[in-house]
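Read through the structure below, which is laid out as structure tokens, and then see the notes.
Chain lettering (A, B, C, D, E and F) follows the sequence in which the chains are written, and residue indices restart at 1 in each chain.
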Amino acid sequence: MSENFQEALTLMAVGMLTVFVILLLVVVLGNAIIMFVNRFFPETESKLSNTSPPGQVDRKHLAVIAAAVSVVTGGRGRVLKVEKEG
Amino acid sequence: MSENFQEALTLMAVGMLTVFVILLLVVVLGNAIIMFVNRFFPETESKLSNTSPPGQVDRKHLAVIAAAVSVVTGGRGRVLKVEKEG
Amino acid sequence: MSENFQEALTLMAVGMLTVFVILLLVVVLGNAIIMFVNRFFPETESKLSNTSPPGQVDRKHLAVIAAAVSVVTGGRGRVLKVEKEG
Amino acid sequence: MHILEELYEMTAFSSLGQQPGVLLMLLVGFVLLYLGIAKKYEPLLLVPIGFGVILANLPGGGMGVVSADLIHLPNDRYMNLFEIGSEYGIMNYLYYALIKTGFLPPIIFMGVGALTDFGPMLRNLRLAFFGAAAQIGIFTVLLGAIAMGFTPQEAGSLGIIGGADGPTAIYTTIMLAPHLLGPIAIAAYSYMALVPVIIPLVAKALMTKKEFKINMKQQDKLYPPKHKIKNLKLAKILFPIILGVVVAFFVPSSVPLLGMLLFGNLIKELGSITSRLADAATGPIMNTATIFLGLAVGATMTHDVFLKGQTLGIIVGGFLAFAISIAGGILAVKAYNLFSKKKINPLIGATGLSAVPMASRVANELALKYDSSNHVLQYCMASNISGVIGSAVAAGVLISMLQ
Amino acid sequence: MHILEELYEMTAFSSLGQQPGVLLMLLVGFVLLYLGIAKKYEPLLLVPIGFGVILANLPGGGMGVVSADLIHLPNDRYMNLFEIGSEYGIMNYLYYALIKTGFLPPIIFMGVGALTDFGPMLRNLRLAFFGAAAQIGIFTVLLGAIAMGFTPQEAGSLGIIGGADGPTAIYTTIMLAPHLLGPIAIAAYSYMALVPVIIPLVAKALMTKKEFKINMKQQDKLYPPKHKIKNLKLAKILFPIILGVVVAFFVPSSVPLLGMLLFGNLIKELGSITSRLADAATGPIMNTATIFLGLAVGATMTHDVFLKGQTLGIIVGGFLAFAISIAGGILAVKAYNLFSKKKINPLIGATGLSAVPMASRVANELALKYDSSNHVLQYCMASNISGVIGSAVAAGVLISMLQ
Amino acid sequence: MHILEELYEMTAFSSLGQQPGVLLMLLVGFVLLYLGIAKKYEPLLLVPIGFGVILANLPGGGMGVVSADLIHLPNDRYMNLFEIGSEYGIMNYLYYALIKTGFLPPIIFMGVGALTDFGPMLRNLRLAFFGAAAQIGIFTVLLGAIAMGFTPQEAGSLGIIGGADGPTAIYTTIMLAPHLLGPIAIAAYSYMALVPVIIPLVAKALMTKKEFKINMKQQDKLYPPKHKIKNLKLAKILFPIILGVVVAFFVPSSVPLLGMLLFGNLIKELGSITSRLADAATGPIMNTATIFLGLAVGATMTHDVFLKGQTLGIIVGGFLAFAISIAGGILAVKAYNLFSKKKINPLIGATGLSAVPMASRVANELALKYDSSNHVLQYCMASNISGVIGSAVAAGVLISMLQ
């Protein structure tokens, strides 16, 4: 058996072992993170995401207007406020 | 007549000849491509362009919605499906 | 007093002096520009900005359509003209 | 007469006589364009590569990448980029500035990360483990290639095609055997595009009808998972940071790839506060990188480099690596099922490749053929995404031990 | 056994024993990510910097920026970028190509310029003058730092934190003391993010209730300004051109920063005829520059460079520079009010920092707390924007006299 | 006193005395800005060039491009980009990395290709031939310039202005006579902007009223073209591929320009499968390239390089090249009409320049003036687009024979 082939066998063993260890770690760490999050920060998503205020119905229209304004102004204009007239 | 000027005359001849030859080739090749396409692949455009399904009327609305969603979500959101409620 | 400290004092003097002089120049030049503009080119903005033709009402709709077309066509399509059918 | 001579000198016909391989390479370029355009095999890569091949082989155009020997100076120094650009033109400038330095693959991985959603994997973490088995093709073909006479570095670059991940294959090849960059990149992207053909082929050979019908949702009902994720958003933010640190401790040489992947993922998961960065990473940066990568990789395939027996070996070996990886994933699940009550559909092993999300989609359609209610997409995505990590880790091992 | 040995060799654990500082640096990285993500302190910069710190310090990953000594060759020459990229990897490639050459800060300034509106400043030109006083912190801390044993170059880089301008601080530090780049960049961006805390702190210490209530609009009514601008658009086009020429005559060394800022501003003010350029400058160019700047600055903070007494000095000194600058601005207004009938709210001096537009918003809220009808935002913006010019000029003086 | 001395040293006034040409160059910069802004002559190029001129000539700012001699080292080596950036600053970094290496013009041509539609040309292929005659100005002025004492390389760069194509002119000049880059770039873009003036001038001098009224649509009805295109989409995909190969065989030295143009066109014509690439090529890549090209070209125009008799020669010669090219196109059509029953409007020869699509629009308006039903736009576009190919080919000939 050539020396290169010997080296290749070692590589295979080290390589597959490493890949398995790392993906095992992915599973273990993933579970640890989930347990940590579930225990200490359950359902606090609203704090981190500051995007969606109430009033879902009007948002659709707002979105259309915003899209229009944004494209027309080359992304520089922004819709700051939209009020109904009546 | 200077040597440079002699060279320039050669350049002019070679240059204009080349330009004419290449644009002649553009004409010839262009016609060859058109004849080839007309003969072997007439009107198969629909195969290559997979963009426009039927239902042109609804597409207008879809486009507006898609535009809005795309801009509002920074191009990340995509409209996968739009269904009428009633 | 160390030589470095001496140098630092000079730096402070030169630096603050320069900053004051430059911002004084900002004020002076700014006023000069304003006076120049007010005198020779008052209210000629329309010449420089060629964006907003009349017909504000229709522009809203146009904007929405333009936005949609632009996003859907990846910014390549442009709305050149929109005419009412009736 | 004199004018015609000058004209003939200027054209490429004079040099064509000495290099008949050029015509063959033009054919290769046309085939790649055909695959990219008409067959829609990874057109974003194959079209630039194909065009790059054509440009590079047209004699006299100076668009082919020159051998690294030509930029090597005495005293172990190299020509600088200004000299390379001035002397050898735009393609060599791109190649030596962006490719040979190993710059673009991590940059593309940043974009890939910003497009990746670890959610499906976090929801089915256990399945991530099967992304490991699907790397076996890499090392099997490495063994075989060495037996066939490839150097270990060449064999490693060839094997990595089995990881089913274009940027990883390119990065590994740049580090280990840059003279094989062209054919390996093409094999990697072509087989990725052929996933809809190769996965069913291997799966049907190794799986029983009963196995195709294993319904993951039913199994979940029978044996429900331990815990639900109560704050997915936070979990998805913590995951790339912590995984980055841990992977880096174990396989430092995978950091350029995995680190950038996880960074890209982080700026995506943070939402609006860093969306400017994520948009740049997935938009202008990634698209520009793709154009330059494709053209420059194509430009490496000059006839004197490409038209060798090795190229054929790479095409065959790459296919084997791919198929063995799929088989490895399937067999690993089958082995697991022997010992577990909760059964797993072996298709989830088959998607332990990278090729996200195409592999998962193909597996899903395959499962639906056997049972039209058996939606396995989300489960496949778990091993599919872990396969990206798996092959980057394998690449790190190869680089650290062979470089 | 042999295999496990190889495995151990490959991991970073072997080198960890020799470098215990690594764990501390990981902690620094986590803290920066926490500040950027949870506290939302300049996330666009602190997230990449934090991730860069983590990547750079993971042993064996090769993602840390190496000392400039290592790329210095005999005969006063330097390794070329191709050699740097090939030898030291992607982060050193980014750092030596884009940061150490001083390239990215002016590029970012071009984007800043294209996002800046000189309108509020032109409408209240007189207030621009107070942007000068708010640079006093720079030079005061320079003095103090030299007394504490910093070299003049280091002291200048430290002082410039008081200019409250990230790119300016980075540019000055690259030019004068590149070994301090990491801590200075972090201090600069962190304190900019802390403007909502620091301005009220200093303002409340130095201002009376009556001063908080000085109503600028009322003062304008009592003592109306001389002239209205009849063609703001044209004035805003002429301003960057003319200012560019004049500043360049007086402080040539500030041209790379200010020239690019004013160019960016010009292409923005020209509107549609150059909007393609302005969009590129504020979009892909600026975002890409931000990613690469953040990652590379983070990557300079390897444990051997960062974990020094100097770093603590920078953190303390930077805070002092910041606070003294704010105080300087406030006191300058108070001094002015002694001699003028038309009073100015000293908060307008406090916003003589850069930190646009956050400083102005904070000052405005502060004023509204004392008198809910006292809107000072537009007035603050005048000194706020002039503060950007002021600190760039101060940087130019430092560079020209200390380099 | 000492302080004032230091201050004076720092300012540019000290060096101003020695370089009176600076003020003249500032004037040149202002004029270019005026042309770009108020006259709207190619503002995307002239605004950055004008600002670049101003920045480059402000003494002490270090924003001017230095002579190539300064980066030339012994033993035929050059400073590397890191050294250039560190030593000579951002503008030299941009210039020597992106311009002097010939990198940006092909990159811009890729974007031009992705914006070009070969459809009108394919529909009126015969008219493409007239794009050849409109290159005569290039070689006529080359002759004249040599007679006036320019070197052949300089004369070629000057003549290429007659090609009416900015990137081609810049690329040719970089290759043949980089010291003339500034004035040639400006002449090229200025005259392109002056197309609405120059075309009517030449056309009215050479064409009769009757010729202006030749109605192409009527001619098409009288003598209908042989075949219609039954699958334009496929024809437009095949055309850039095949043309690329053929042109490359005949004029290899035009490949960097034409190859990239045709690649850009291909990714555009492929539609959605490569639209990410086409968007990048026409958006961020092209806009960024335009900013950096403009600034760096402007920065080459330092007073010692620009204020020479040659510059005047270039401005006059460039105009002549332009006018003779237009005349050549018109006369070629007139000659053709002598022998053909199917008449062609000579305006179609006039648009054999590049300057797409402005030349065609001007010609169309001109034709409509004489006959309000005579729409020639689509016909003009055919020769107009072929003029881009024509001048790139001419550039290739010049480069291959003069370099």
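The working rule: a residue touches a chain if its C-beta (ideal position, glycine included) is under 8 Å from a C-beta of that chain, and two chains touch if they have at least 3 such contacts.
Quick caveat: nothing in here was measured; it's all calculated off a predicted structure.
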Chain pair equivalent in interface to B-D, over half of contacts matched, among C-E, A-D or A-E: A-E
Most distant chain from chain C by Cα centroid: D
Chain at maximum distance from chain E, centres defined as averaged CA atoms: B
Pair with more cross-chain C-beta pairs in contact, given A-D and C-F: A-D
Where chain E and chain F are represented by their mean Cα positions, the distance between them in whole Å: 40
Between chain A and chain F, centroid-to-centroid distance (C-alpha), Å: 45
Mean-CA-position distance for chain F and chain B (Å): 22
Per-residue multi-chain contacts in chain C, two or more chains: 14, 18, 64, 67-68, 70-71
Where chain D touches two or more other chains, by residue: 6, 10, 80-81, 237, 250-251, 279, 283-284, 397, 401
Residue ranges of chain F touching chain E (in the complex, touch as defined): 6, 10-13, 16, 26, 30, 33, 36-37, 40, 43-44, 47-48, 51, 54-55, 58-63, 80-83, 85-86, 89-90, 93, 283-284, 287-288, 290-291, 295
Contacting residues of chain D [partner chain E, same complex]: 71, 77-81, 84, 96-97, 100-103, 106, 110, 237, 241, 244-245, 248-253, 255-256, 259-260, 263, 266-267, 270, 273-274, 276-277, 279-281, 283-285, 397, 400-401
Chain C residues within the chain E interface of the complex: 2, 4-5, 7-9, 11-12, 14-16, 18-27, 29-31, 33-38, 41-45, 48-51
Residues on chain D engaged by chain B in the complex (per definition of touch): 2-3, 6-7, 10, 38, 275, 279, 283
Of chain D, residues touching chain A in the complex: 121-122, 125-126, 128-129, 131-132, 135-136, 138-140, 142-143, 146-147, 151-152, 155-156, 227-235, 237-239, 242-243, 246-247, 250-251, 271-272, 386, 389-390, 393-394, 396-398, 401-402
